[in-house]
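One chain, chain A, appears in both complexes that follow, with chain B as partner in the first and chain C in the second.
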Partner chain A sequence: MQNNLKKLTKRNETYIALVVLALCLLIEVRSGQFFTANNLVDIASAMVVPGLFAVGTFMVIVSGGIDVSFPALASLTSYATTKMLLDAGYTGGMWLPILISLAMGALLGAFNGVFIGLLGLPAMIVTLGSSSVFKGVMQGALGSVQLAVIPPGMRAFGTSALFTATNPVSGLTSRMPVGFLALIAVLLIAFFIMRYTFFGRGIYAIGGNETSAHRAGFNTKRTKFLLYVFVGMVASLAGLIRTCMMQQNHPTNMLGMEMNIIAGVVLGGTAISGGAGSLTGCMLGTLLIVIVENSMILIGIPTIWKSVFVGALIIIGTGVSAYQVTRAHRIKSSRRLGGEVKA
Partner chain B sequence: MTTKSAGKKPGLFSRIDQHVLRLLLVMAVWMVFMGLTRASRFYTLINFQTMASQFPEFGLMSLGVMLCMITGGIDLSPVGVANLVAILMALFLKQLVPPEGGLPVYAIPLVFVLGALIGACLGILNGLLVSKIRIPPILATLGMSELLTGVAIVITGGAAVSGLPVEYAMTVNNKIGGMLPVQLVIFGVMAFIVWFLLNRTTFGTKIYLLGTNPKAARFSGLKNDRLIISTYMISGITAALGGLVMLANYNSARANYGSVYVLQCILVVVLGGVSPTGGKGRISGVVLAIVLLRMLETGINRFPQISSYYISLIWGGVLLLVMVLDYFSAAGRPGKRRRQTL
Partner chain C sequence: MADSLLRAVDIQKSFAGVHALKGVSLDIAPGEIHCLAGENGSGKSTLIKIISGVYQADGGHIEFDGKTLSKITPIDAILLGIQVIYQDFSVFPNLTVMENLALNSELSDKRKIVNWQRMRQIAEEAVAKINFKVDLDALVGTLTVAQKQMVAICRALMFNARLIIMDEPTTALTRKEVQALFGVILQLKAQGISTLFVSHKLNEVFEISERFTILRNGELVVTGHTRDLDSAKFSYYMTGREFSDEQFRAENLGEAPLIEVKNLGLSGAFEDISFQLRGGEILGITGLLDSGRSELSLALFGIREADSGDILIKGKKTRINTPQAAIGAGIGLVPEDRLSEGLFLPRSIADNLIIAEIDRLANRFKVFDHRKRTREVQRLVEEFAIATPNPQNACQTLSGGNQQRVVLAKWLACNLDVLVLNGPTVGVDIGSKHDIHRILQGLAREGMGIIIISDDLPEVIRNCSRVIVLKSGRIVQEMDAAFATEQAILSQMM
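The block that comes next holds the complex of A and B.
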């Protein structure tokens, strides 16, 4: 028991969970509206798209890279899918849209993967460039405009609910979207990959030290390439689900999300230099950002303060974990120096 | 070839390196192409003057990003700094106007000095986060950018600050002797200062060493933290000046102006031959890349049938292409390739 407690206090996830809990309690005390059924369902529903993006971002950051192109990738694939199916007059179910966007996501992910995985170019710059390319293809080549109607199958997927929650006081109801199942499914897949497959362990190994991973027998190029393909698929799924949930496709309103998602993942204890981090922490960090974004209005903070809070969260969150790492290093090296002096 | 720049001290154009040569070639091809297709609308004095007044905005910001990248870091906050400084200075300018109208003579120099000071402070803050707290530069400057944009939104309520005294825009948009845009002069002076710092002072040699190998720099007795802080401080100053030029060009200030410049700054810096892993890069390449980018965009705008949205596609494509070219030209020389992560 004591051992478990000790383990818990050493983990980053414990602290971030405490922060989330404290924030929830604060909002509850100030507004009395937080722990109502419909607010909780609303937050779960708001978690779906950022959560999916966060899974992809988490895997990339663990591998020692970074991806800023996923909002552009998701915008492009969801726009192209919706537009294609609308033009074809598609009236069927949800499977075809999912398959089409997954295929396109894999293709665009492979585009990133070729540069980052096979050629070993810096991920940050490559994804900055590719996000610009994706945006250019969407707005220039496809001439994207807002699509106010989406195919009936996608509409049905977006409006159907697992269950609905009603607030007994205000009478407001919230639907739990079916898309939430997609988040759970992707989480399970990612958890399985990262923990039980050679591929997933390779991602951790590459993030820790690419040369060592290569020497240890991991095919680092192929692992990185496949990683970006997978992440592209997850991002395109997120884009499609967002389109379904919003009942329309707005080509540009996902752009700019990357900063908050990265912030959430890093807040959850994923090392930005790669090699360490857990999905639990990543989800908790994302939850923190989602709650800050959605619930500030409940405690009477106007929405114009949003960027200030998110920016401060990024700096403080990464600062605390960076400072801990530095301090640990200093203690270690001073011990070593002390030992040498004695000897 | 490019690695020599760290040790020796070449003049601005005295030794043409590979990147500069490639950029000159692309520029020449583009100029010939424009000459053949749109000569009457491209080769006019007014067109070149317009270009020269447009590129200093992000050109100034790129100078700072370049210095940070040479140290092995990156600065994603120049646009956030620029907008916040522009907004603060716009509000200050409006305060300076006496009730009977007419801006005092000292106002514009004062605004520039004050703006640069604020930029320097914000830059120092970036530097502290990167060096003392050891937040990775991407995240530190990203967070700062978000925070500063947030502060700018809170100050203005998200609206544009306009109604500036006309003298400000008139002075900065003026052309000296009817020919030389003032913005270009500001850019030229800053570019010269950066060139001087990099090639004629020990500061330059030190940051090249820091970017090449921080551990070696530390054991050579360099004060790494102080160097990083001064580098981000200079980046803050150039970003602030970029913001002040932007303020004059738009004649207003707003929290979300110039948001595309973040990508453009990194693009021109990489295009200009600065290595994203640090330690390499020359000002001549970056200045050429800035001018080339402006010429490409202005040139494309001369073709009305091409949607301006293609520009983002072209920039992204050019950035990736340059990196791939670098990869294959570096691959030919053994021992020149390094492991690159971020």
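The block that comes next holds the complex of A and C.
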């Protein structure tokens, strides 16, 4: 028991969980509204899309890469899917939109994967470029405009609820979207991949030391390529679910989300240099960002100040971990500088 | 020797017209500990890469276990039982010891799904082979260099290894850790596993190996029993040059001290350090891990300012709180890790040479003068005999000894009075080491004051006129190097 407790104090997730808890309590004390059923459901609902994006971002960062193209990718695939089905007068269920989205997401992910995985170009440069390409295709070639109507199957998916929570005092109700199940499913798949497949262990290995990974027998090129394909699929699913939940497709309103998502993942203890991090931490970091984004209004902070708080959180959160890294490094290097008698 | 495990016969290899190996042969018996020595560029690594299948030989053949093989691929080498432990160990710092040990064999079995129980079993068997005690759940990044090396050795042993090639395995190890490594090598020998030990350190060659092979410029110089070797012969075989081990004596000492340190202290590192250094002198400072010797070098150069005591430059109290202040006071530092602290490796040799005196290369409009730069670079390359076809090449193309010359040349271009060197010849081969010593002695004769901080005792004794021994941050002894012996210094250090 004591041993387990000691282990917990060494884990980054423990601290981020404590910060989340402290923030929740602060909001509860100030507003008395945080731990109400409908607010909790609202936060769970708000977690769905950022949570999905975070899973993909997490996997990419663990591999030592970075992806800033996922909002553009999700916008393009969700817009193309919705528009295509509208034009075709599709009235069926949700399975076809999901399949089309995943296929397009895999294709666009493969676009990133070819350059980053197979050709070995820097991920930051490639995804900055592909982000621009995806936006350009959507706005230029597809001539995107806001789609105020979406196919009935997608609408039904977006409005159906697992259950509805009611606030006993105010009488406000919140629906738990079916899309939450998608987040759970993707989390389970990602957990299985990262923990129980050699593909996933390869992602960690590549993030730790790519040359060693190659020498150990990992096919590093294929691993990175498939990783970006998978991440493209997850991002496109997130885009589709967002469209369903909003009951409309706005081609540009996901753009710019990448920084908050990356920040959440890094806040959750994923090493920006790759190789280390856990899905639990990644979800906690994302939850922290979501709570700040959604609940500041409950303690009377005007929404215009929201971005200041999110920004401060990012600087403090990542700054503290960066400081720990440099301090550890300094201790190590001064030990090394000290040297010992070498033979 | 009829029953050799590995015989490489008359191996030839060229790279783009450069003859890297000119008919080299190597013979290793089962269970033998064989040392392969040679300076940088002698063809050691090329030979290892041919044996392990990374390169294909242009001529000659390899016999393993009596069978003649025309060519070896990396997979063949592993199947034959040849394992290479690289200098960087090829470990994953972010994964646990267990995973580092088990990954390779699981991957070579083409497994797709991870079975953590089986991984643990594999890892337990691996560490049991050499009785290596380690926490299997610890991250490899938290281990010491020596432990990482043991992880790499355990991993290599899992493939029914019969020959383990260790590429300069002792470079980053302490004396104690080297002893532990030698213990493991002897254990392997008892199990009939041969070791090819690549090193250019004389004492190690004597201590561990039964036979040795020395290469120079791609040719086999000599192979034989270690017991027939002595240190003069070793240096001669390695370099083809004879060295006179002359003791440095301080001549024409300056009148007043260039630098005087009074009761200098830095909490947690050293305290009450006082010494004087006059022009023409080489002062040696030596001590163990926790002696504070490296921190002292940093304090003298202003990287970590001392928090008590004074530094007097030519009799004047001077505050040295930044490297700029130190350079201004005429002090230069050649850091211990020249690769990460002293050089811009990817930049050109020329840029590295002039970086410290860049202000002086401006014309009267304060604009950088490229002609001045070219002249200055040429002068320094010639003066320090830096072996490069073109000073515009990246600094990382140079050998360790030549890189160290660049660091020296950089400082000497600034007309300093005092040069502090921390471990000036760590990782430098014998020939360059002698050259660097010659340069330092020459500088002292010209009136510079030099401080060598080193734990290489023969180096300290031979090159310094005085030696200060540090222990736990304090000066325990100051002696005239002419009368100092390794034993005397060691007994003060411990």
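Simple rule for what comes next: the second predicted complex is superposed on the first by the 336 of 343 C-alpha atoms of A that agree within 3 Å, B and C clash if a C-alpha of one lies under 4 Å from a C-alpha of the other, contacts with A are read in each partner's own complex, and residues count from 1 in each chain.
Simple rule for what comes next: a contact is a pair of C-beta atoms (placed from the backbone, for glycine too) under 8 Å apart; a residue touches a chain by one contact, two chains touch by 3 or more.
On a predicted model such as this, the values are computed, not experimentally measured, just so you know.
In the superposition on chain A, A:Thr197 makes contact with chain C only, while chain B stays out of contact range. In the superposition on chain A, A:Gly208 makes contact with chain C only, while chain B stays out of contact range. After overlaying the two complexes on the shared chain, residue contacts for A:Leu121 are found with chain B alone; chain C is out of touch. In the superposed three-chain model, the partner touching more residues of chain A is B, compared with the other of chain B and chain C. When the shared chain is aligned, chain B comes close enough to touch A:Gly129, but chain C does not.
By the touch criterion defined above, A:Phe218 reaches chain C but does not reach chain B.
Applying the stated contact rule after C-alpha superposition, one finds that A:Trp305 touches chain B and leaves chain C untouched.
By the touch criterion defined above, A:Phe35 lies against neither chain B nor chain C after alignment on the C-alpha atoms of chain A. When the two structures are aligned on the shared chain, A:Ala141 is found in touch with chain B, with no touch to chain C. Within chain A, the residues touched by chain B in the first complex and by chain C in the second are 211, 274. Every residue of chain B that touches chain A in the complex is listed here, in rising order: 74, 129, 133-136, 138-140, 142-151, 153-154, 157-158, 263, 266-267, 270, 276-277, 307, 309-317, 319-320, 323-324, 327, 337, 339-342. Considering their complex, residues 195-201, 204-205, 207-209, 211-213, 215-218, 271, 274-276, 334, 336-343 of chain A touch chain C. For chain C in complex with chain A, the touching residues are 86, 88, 90-95, 99, 103-104, 106-108, 111-114, 170, 173-175, 178, 201, 203-204, 288-295, 298, 336-337, 423, 426, 455-456, 493. Interface residues of chain A facing chain B in the complex, by the touch rule stated above, are 64-66, 115, 119-126, 128-137, 139-141, 143, 210-211, 259, 262-263, 266, 272-274, 304-315, 318-319, 322-323, 325-326.
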